[in-house]
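Following this message is one structure expressed as structure tokens.
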Amino acid sequence: MPTYLGPNQYGKAENRVVRITRDGATHHIKDLNVSVALSGDMEEVHLSGSNANVLTTDATKNTVYAFAKEYGIESAEAFGIHLARHFVTSQEPIRRARIRIEEYAWERITQAHSFVRKGQETRISEITYDGESWQVISGLTGLVVMNSTDSEFWGYVRDRYTTLKETQDRILATEVNARWRFNWTDGDEAGAPQWEQSYDEVRRHLLEAFAGTYSLSLQQTLYAMGSRVVDSRPEIDEIRLSLPNKHHFLVDLAPFDLKNDNEVYFAADRPYGLIEGTVLRDGAEARIPVTD
Amino acid sequence: MPTYLGPNQYGKAENRVVRITRDGATHHIKDLNVSVALSGDMEEVHLSGSNANVLTTDATKNTVYAFAKEYGIESAEAFGIHLARHFVTSQEPIRRARIRIEEYAWERITQAHSFVRKGQETRISEITYDGESWQVISGLTGLVVMNSTDSEFWGYVRDRYTTLKETQDRILATEVNARWRFNWTDGDEAGAPQWEQSYDEVRRHLLEAFAGTYSLSLQQTLYAMGSRVVDSRPEIDEIRLSLPNKHHFLVDLAPFDLKNDNEVYFAADRPYGLIEGTVLRDGAEARIPVTD
Amino acid sequence: MPTYLGPNQYGKAENRVVRITRDGATHHIKDLNVSVALSGDMEEVHLSGSNANVLTTDATKNTVYAFAKEYGIESAEAFGIHLARHFVTSQEPIRRARIRIEEYAWERITQAHSFVRKGQETRISEITYDGESWQVISGLTGLVVMNSTDSEFWGYVRDRYTTLKETQDRILATEVNARWRFNWTDGDEAGAPQWEQSYDEVRRHLLEAFAGTYSLSLQQTLYAMGSRVVDSRPEIDEIRLSLPNKHHFLVDLAPFDLKNDNEVYFAADRPYGLIEGTVLRDGAEARIPVTD
Amino acid sequence: MPTYLGPNQYGKAENRVVRITRDGATHHIKDLNVSVALSGDMEEVHLSGSNANVLTTDATKNTVYAFAKEYGIESAEAFGIHLARHFVTSQEPIRRARIRIEEYAWERITQAHSFVRKGQETRISEITYDGESWQVISGLTGLVVMNSTDSEFWGYVRDRYTTLKETQDRILATEVNARWRFNWTDGDEAGAPQWEQSYDEVRRHLLEAFAGTYSLSLQQTLYAMGSRVVDSRPEIDEIRLSLPNKHHFLVDLAPFDLKNDNEVYFAADRPYGLIEGTVLRDGAEARIPVTD
């Protein structure tokens, strides 16, 4: 046969699990979307259709729900680690497990057991285990931010197709999509990062670096955000940011005899600039995949 | 000709306008999506294609941006009132204007001019003016809430197709979509509601009524939410709520020898119960259109 | 109590049902998304939470699936009629049922039982029954069409905010959203329209009228499309069209010393013109709700 | 400084270009969404904010539109090759260009210049050039297919969490997402594949292999689809398929005393199985990135 099987994986995607924990009348909630992807000795199912090595995707779904009961969900990362370890250690043909989790935040209303969905962003995490080493990437998507001043853009290359006017004062707005990689790889739970606290701190640093950077380019802002996270958080060696430039164009009001003194903007949808980059701790290697 | 023209309207939809106001170094932001719909003496453009009575949709767009400069955006409602009045009073063939606005909320980061998008919900408003009377409907969409207990469901009709088990304790979750109508109709700006404060208060009442109602049915919760708004806010005569029942199904863990004591739920997408209803002040007539 | 209950309805929305019919080795498929909305004597469930008059939304879902088996799905309309009649006639407190259905089209690949999803558009229908009279509205959404010439736009009103240039040749593109109402109201199945054939013919007329109309305005095209359907199909008395003007802007290539002879366009997202209107048979009343 | 810059790229994403070509009264249309991503000597813009090496994303947008005029759009691939070559060869700091294109298909209505959007799927292509070697990946997303029989699933692993029942007859439905890599790398246009014809043939092979494979697992179907493409198309060395298992669950009608003889199905949204795999020509290396 002139073809062969390359990289492959399978599993149940987007298992929506909500876990309630009761502390007397006070309830706590974890709201996750969990996707399982397994790989290993899977030649036969592709070539002959034999499922002898296949743990069904349905069983991976059941495992997500059963583990939510058995182990609780202290954090998305800790939950993903339980799942990944289980699949790799309990099934001989499975050599590698990757668990992806989206987490939706809630905050309390007035009662002990009433909640409202919070914020625009989704917290994400990805746990990968191959039986030897662990890789944990956490992140967020959909965090929309804007500086209404303190952003310039000038001094760029001018080729035949360059018509853009330089500016000394523009709106800079983006939707932060970030993934950061922990240097915890040995699976030692005692030495694991404080996942929840780490997330809160990274989110805070990203916001403060965005707000506090006087920007000459979105790339500069990206680097300021990324390096601040790596500088401030010793548990993180690498961060990758994907920042769409959500253009706000100053509307030309001159035809109506009005002056637009950086007051009225058109928020455009498409096209948009897209700035992506990785910031690394000295000595660390880039391992977060480039997916955009 | 055996056909004739019925109800019609036209205009520019989804004009995205961001308005910055500077108070020294402190900036304020209004972020709107404005849709204009006009109607009136428009037979000819439909029948012969003559545009003699047609104000272009492009001009309605320009008006949105010019008015953002000329009048500022104190509130979505006040801005919509300016626009509606302008179209009806400045163009003879236009007899009725309807302005729909979505508003996206932002909150400050640390700086005077840095912001992050806030909350899940979108604030909406709809202003209609026919040259004589005003109708202002405000509302919100996408406010996702959950009670993790204090909800029962039993005592319902049992027909041949009823298999649902009764429950004394379930999760009740919904995405609140609400529109409320003000009894301000005379266009007197001095006597107009405080639009911003009114919105904040209605939102708070909706959340508190949802959280504080021990629920025997989602209909009961709907009525409790609606009547609380009408009871508490004299400027509002009518509210319509559309509440999808975001089902959270208790996962059967018995096959794995685990007991699920209201701890682990599957959050389902489709199908979903959809409960809709209007609550009115005594003596008021239902005028909010049924659109779902 | 100073409030009272206005219009209300409830039911299970978005029941996704796929029905396979076997004709020997040849299979036929119907793929629907069915939403049920019921109303009637529902005061108590809103005021006290008593469910004594409530057929559960879960039972309405079960009914959809059971009826798919018992009656088959000859057409979305015929299926919806079965459902609406059942709810109104079998449950005393239910006085009105509205069934909404989306239908997704498939076409055969090479085999008798292999299919590929077809087209961009979704077929829709809405059946309403109040125990006495029937109203059937059918329609489609998402049918995207374009004329690359034979469209002009000029001769419009010029106010202070008008800057648009007139054009004798533009692209006219829209996404057709149409709903048409049948004059069949008596529930007599023998005299009912041929729902499947009627849909195919209306779709054909809409496309041909769009393509064949030399357009001076999108309103003119709208009326041409609507009147052609009413003129051609005696079973239809009313049609409502909602046509977003999907703007294609000619790109200014002059800065690059290139002439753009109606060749290169930017397809814009927002804002867009939105043209809506109803066309009626002489003597018919407008009954299709204005929802946009 | 304890951090450094890793992989990075930038450019204008989602440039929507429509190109009309006139052949007398007959028009031809190409409708693309073009995203540009450039990388190279970009340290300074990240570290100091100097834009001296930065060709603006706005200029990359202008280039897309200007090239649509200057070179036409014979195919998405040929257009992307023009763009990638331009950026890498005209700007010294730019060492690598990646052009991603989505293409939307249209078919004629009745007239020479009237069109309707066609099909569910989007054609995609990605052209990468680093100054030496070319990589062209083409593909499609959103092609939804179903076999209503000829699919079994049994003989799988049974662990503690396995509850799924084996089946000898199920619906197999998926949304084909495929990317295939051409072995054309030298940039010789005379020897380039016939991009348009190649796409049509690959699409046909995917559909026929899906329809014609009696399936014991979705992995088997995936491999059959992929190997058929590589076997049949000498210009292609590698294909990667991502196939969500769009579950259609047989509805239990027994509570209603009805037998469901593989007739009535519930089409589920989430969770879904997700099967991904690469098929390669013997001797070829896997180079299509794993992005899911």
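Brief remarks follow.
Think of it as A, B, C and D in the order they're written, each chain with its own count starting at 1.
Definition applied: a residue touches a chain if its C-beta (ideal position, glycine included) is under 8 Å from a C-beta of that chain, and two chains touch if they have at least 3 such contacts.
Keep in mind that what you see is a predicted model, and the values were worked out from it rather than measured.
Contact count check for B-D and A-D (C-beta pairs in contact): higher for A-D. Among the other chains, D has the CA centre that is most remote from the centre of chain B. Annotation: 31 Å between the Cα-based centres of chain C and chain D. Each chain gets one centre point, the mean of its Cα atoms, and the points for chain B and chain D are 38 Å apart.
For this pair, chain A with chain D, the centres built from the Cα atoms lie 23 Å apart. Along chain A, residues 16, 62, 66, 161, 163, 255-256, 269-270 each make contact with two or more other chains.
Within the complex formed with chain D, the chain B residues making contact are 160-161, 163, 255-256, 269-270.
In the complex of the two chains, the chain C residues touching chain D come out as 16-21, 27, 29, 31, 62, 65-66, 68-70, 106, 109-111, 113-120, 143-150, 171, 207-208, 210-212, 248, 251, 253, 255-256, 258-260, 262-269. Residue ranges of chain D in contact with chain A, taken from their complex: 1-16, 35, 37, 42, 45-63, 66, 90-91, 153-157, 159, 161-164, 215-217, 219-220, 222-223, 226-227, 230-231, 238, 240, 244-245, 270-282, 286, 289-292.
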